[in-house]
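Working notes, beginning with the structure itself.
Per-chain numbering from 1; labels A, B, C, D, E and F assigned in written order.
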Amino acid sequence: MKRKKPSDIKAKPPAGPETERQTANDDREITALSLQRGKLSPAMDGYFAKCQEKLGFVPNVLSAYAFDNAKLEAFVGMYNDLMLAPSGLSKLEREMIAVAVSSVNRCYYCLVAHGAAVRALSGDPALGELMVMNYRAARLSKRQRAMLDFAAKLTAEPWAIEEGDREALRKAGFAERDIWDIAAVAGFYNMSNRVASATDMRPNSVYHGQAR
Amino acid sequence: MKRKKPSDIKAKPPAGPETERQTANDDREITALSLQRGKLSPAMDGYFAKCQEKLGFVPNVLSAYAFDNAKLEAFVGMYNDLMLAPSGLSKLEREMIAVAVSSVNRCYYCLVAHGAAVRALSGDPALGELMVMNYRAARLSKRQRAMLDFAAKLTAEPWAIEEGDREALRKAGFAERDIWDIAAVAGFYNMSNRVASATDMRPNSVYHGQAR
Amino acid sequence: MKRKKPSDIKAKPPAGPETERQTANDDREITALSLQRGKLSPAMDGYFAKCQEKLGFVPNVLSAYAFDNAKLEAFVGMYNDLMLAPSGLSKLEREMIAVAVSSVNRCYYCLVAHGAAVRALSGDPALGELMVMNYRAARLSKRQRAMLDFAAKLTAEPWAIEEGDREALRKAGFAERDIWDIAAVAGFYNMSNRVASATDMRPNSVYHGQAR
Amino acid sequence: MKRKKPSDIKAKPPAGPETERQTANDDREITALSLQRGKLSPAMDGYFAKCQEKLGFVPNVLSAYAFDNAKLEAFVGMYNDLMLAPSGLSKLEREMIAVAVSSVNRCYYCLVAHGAAVRALSGDPALGELMVMNYRAARLSKRQRAMLDFAAKLTAEPWAIEEGDREALRKAGFAERDIWDIAAVAGFYNMSNRVASATDMRPNSVYHGQAR
Amino acid sequence: MKRKKPSDIKAKPPAGPETERQTANDDREITALSLQRGKLSPAMDGYFAKCQEKLGFVPNVLSAYAFDNAKLEAFVGMYNDLMLAPSGLSKLEREMIAVAVSSVNRCYYCLVAHGAAVRALSGDPALGELMVMNYRAARLSKRQRAMLDFAAKLTAEPWAIEEGDREALRKAGFAERDIWDIAAVAGFYNMSNRVASATDMRPNSVYHGQAR
Amino acid sequence: MKRKKPSDIKAKPPAGPETERQTANDDREITALSLQRGKLSPAMDGYFAKCQEKLGFVPNVLSAYAFDNAKLEAFVGMYNDLMLAPSGLSKLEREMIAVAVSSVNRCYYCLVAHGAAVRALSGDPALGELMVMNYRAARLSKRQRAMLDFAAKLTAEPWAIEEGDREALRKAGFAERDIWDIAAVAGFYNMSNRVASATDMRPNSVYHGQAR
């Protein structure tokens, strides 16, 4: 039996017609739908300017919604309340739910964008990968494991959630409002995953290298 | 073989300890979470008053969100844009998507509330039942069938939506904005179904008899 | 953000070419198969007459089987034994199983016809809706919940039923014969659901409004 | 790398406490339910006697139903009509449906008993194995493949059967009555599989060696 | 209701154009791929000769791999280590895992070939059938049941295996190496099932009648 | 509605007891099984040394197998043949199959290790992410899309692969040997995924940052 030497595992980037980068157009053609940018309200114009200033880019999901200012405002309003308002869940925990839900739904946009957020908020690149790949393989506290088990079940078989599932959260230390927040964040990404998948939404290419 | 007479099929409501009506508490204990009503903004107070005046009741989903005015406003903002703003989809079509999605997710709250809306908006009680039970058994136009096929696939396996699915909508006559709206409405009920199921949200009892 | 007024939720039945009622032909074209009515035995003729007299109509499933008297007699024989003969299960409980099973299988005919029976037998319209939509959301006795859990599992993954499942029924108070009856009724609707779905069987339109 | 010699593959039956045969009690303890044999009608007594005379044994499913003569008669009536009455489907084809359906449902009783019937009726032992294991691997005529595709889909996702599925049967040469019969036989085994699985029904041990 | 006599159940093999045996070509056309036999090494030539001498035939899986000696050697090397090397699992237990895994995957080749091995090694034909049809219906020791539950879960939802699953094996008496071996054998048949299904690999016809 | 400023999205790594890195022990405690390293053959000792020299580390999967030299040799033999031997599939294509299969199975070890290989071999970090998250969202040639569709179907429902699936590969330009290789690589990772998941195998921490 001839064995290959491990050096063979080393890689050289190939050249040629099939090597155009996967992100070649992702920052220009944000969805598969032909929708013209609408007129934004001053509030939304300001919001985009702030994104540019603070993040260095406008997240593509916002640009995707920008064909209709009312829809954009409704989305931003709900997003900001859920992900940034005070809550018994830390911002990292909310992002962990976002990614674990998006993993069940295999949503490319949300896994890239929120996977980067988990890496950044935790300072632990592998935690982001674990949320993307299989949260059950992560080394989590009981609290966070219970939180993600609830979010994953709610995503995969919402009809089967019952009092026992809520009780498991209470036993893990979550208050009534926290349970609402877990449900609401998990629900929100079940929505966003589907809007993104329905429109082939592409994540900003900059996310891929963030916080690695 | 002794045969039962068809008259035996006739029913008499049973009496006794197990006959408390399923809706006994549904208008009082709206969710399984203990959350105190928060202070509502004048806008939300006014919105509740309008509901009471026009509908005769406040939909329980609004009461459920009323523990936190910011969350309530975000929800109402998105709901009203999606379900009531101008769109290439009629209000009935948006409600049909709501119920077909909720059927995949088996969400009791949304099936009751939006099933009633389909009955009311269509004037056809059986159409509401078909959306609840199995939209594939309904006698639909090709347009509406394509719309529901997309919404149901997006709900059950969002990762598998591809250009061919969008093309099928275009061939059925939907414009680019309409495709967004189908995705956004389907996405919204994938969120609402999960918030409702996570909290055991109960529909107002009045819905059951509406537009039968 | 412009908000829609709640009055917008109010509905007017639409008019026009797509508004033919879903039940327009359901009482005439009972299945998608072209089968001529066969010659019925005097017993079956009498049975149909009794149905007409007592119920005011012949259930469409009987008319569907009437292309072959032997098949009709076999179906009626088994139906009557299972649903009407003495049993440790009440008639309502047997109908609850029928609907919960039909919900897993999303069978339009059986959900409509037996959903009406649950409403009629219980005197509780919402109980019928709960069986149709998601029995897990119903407020049931432990006995009835155990009964429906067994029936639903037997429907969805019959290969996984084991002694533990039977023990759960015994602990909930069911006798050996009762367990047989739960299995037999659940089994029967797994058959009927498939005959109905295979032939696009349409429920009598009268069911929709019964016992609401 | 030390290689084992192929002779190592040869087997010797092990001895010891765990080697009791799987069929040790299958002809005595037919189900997991404690049900006393009921009094049979002369017709049923005669039927059992005929089974003994012609087959050499009474199929365990009949003994299982014998706790209640009315249930036994109803079952025998339907079974005999479906499997033995004149039909556009041959008896072998009806048994092929029985086994293919039972394979989806992984029903031990029906796979053993009807697998033996397929072997016997076809004279081709491998055909029985293929129906048990995966009918898609069998070398079938287009007609029989279409028949089994319909039966398998009707078993696994009955809600998804539509006119296109019936058309596929018509194109494969099936008449309207034949479509009914395919549906009725597939439906019947979806019932029987569940009664057998719910009660842990054991097949007569004699089936295992038949027609090999 | 006319009843068929039980004698009608008796079978006569049909004659005619559709009766070619399912195994007609299985020993000549081993896969659906056109691959020429490659030049075998002396070791592999010897291995094939030993198979012929001891078993009376060369298992088709080996002939299928014989288009490339290196692939054949790698397969044989791994197969022999897993199935024949010393282990805390008996050879029968390893074959039971092989068949239970192949049952989840519905792999015709492996169910036929390894079903025969279970029959031969156990001396109990019904044990082979139970592994093929539904291992949950078998009368197993707690040890063997735990082993197969782990293998079946690992096959159907590998992402859900966690420490609790390994603990269940330890409680059933398995050592750390045994757990590896269960995983490795289950893994190996998840590979082989897919190579066989991908290529429509046909089992040697002789297996069907072995050890019945 | 108070809006959060985008700057709030910025992250600071948290401190405290729950912030131990996910990879803290991954290079020391490679699996959840307690298995002592066995004595390796000179060939395997050399292979490990080469890995260390060329890659800078020994892949944890090799260390995991090192408790038994024979198993290690069998694994290395098959791995090297499949992934490194001449084939109509490029090394990158084989790694793409590895990751797409591992994505269906949600295998943390294989997604990390082979995701890194796809990034390295392609020079396109996003291609690795797409294989991990949802290969359907990637911009692939028809050839590579057909290849991954086959591998994913073979992974998720191997029983449903038929001649039509092989024909789709031939139409995409694959030769008979290539089809074997696609099947064999997909099969191999269905094995490796399960060995890794069964043992909670941890990937070398160095993979996370490679080729980003």
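In this section, a contact is a pair of C-beta atoms (placed from the backbone, for glycine too) under 8 Å apart; a residue touches a chain by one contact, two chains touch by 3 or more.
Because the structure is a prediction, the values reported are computed rather than measured.
Engineer: Where the centre means the average of the CA atoms, what chain is farthest from subunit C?
Structural biologist: Of all chains, F has its centre farthest from that of subunit C.
Engineer: Quick check on the interfaces: A-B is repeated by which of D-F, C-E or C-D, going by over half of contact pairs matching?
Structural biologist: C-D
Engineer: So, what's the distance in Å between the C-alpha centres of subunit F and subunit C?
Structural biologist: The mean C-alpha positions of subunit C and subunit F differ by 49 Å.
Engineer: Please work out the Cα centroid separation of subunit B and subunit F, and write it as a whole number of Å.
Structural biologist: Once rounded, the distance between the two centres reads 42 Å.
Engineer: Can you work out the whole-Å distance between the CA centroids of subunit D and subunit E?
Structural biologist: Using C-alpha averages as centres, the distance is 23 Å.
Engineer: Please output the residue numbers of subunit E that touch at least 2 other chains, ranges allowed.
Structural biologist: If we look for residues of subunit E contacting two or more partner chains, we find 1, 70, 73-74, 77, 81, 85, 106-107, 134, 159, 162, 200.
Engineer: Counting only chain pairs that touch, give me the topology of the graph as line, ring, star, complete or other.
Structural biologist: Topology of touching chains reads as other, fitting no named class.
Engineer: Mind listing the subunit F positions that touch subunit E in their complex?
Structural biologist: Per the touch definition, subunit F meets subunit E at residues 32-35, 67-68, 70-71, 73-75, 77-78, 81-82, 85, 105-107, 150, 154-155, 158-159, 161-163, 166, 176-177, 179-180, 182-184, 186-188, 190-195, 197-200.
Engineer: Over in the complex, which subunit F residues touch subunit D? Could you list them?
Structural biologist: Residue positions touching the partner: 70, 73-74, 77, 159-160, 162.
Engineer: Please output the residues of subunit E touching subunit C within their complex, sorted ascending.
Structural biologist: 1-2, 134, 136
Engineer: Write out the stretch or stretches of subunit E touching subunit D in their complex.
Structural biologist: Listed in rising order, the residues of subunit E that touch subunit D are 1, 3-14, 18-24, 26, 43, 47, 50-51, 53-55, 76-77, 80-81, 83-85, 90-92, 103, 106-108, 111-112, 117, 120-127, 129-130, 132-134, 137-139, 141, 144, 200, 205, 208-209, 211-212.
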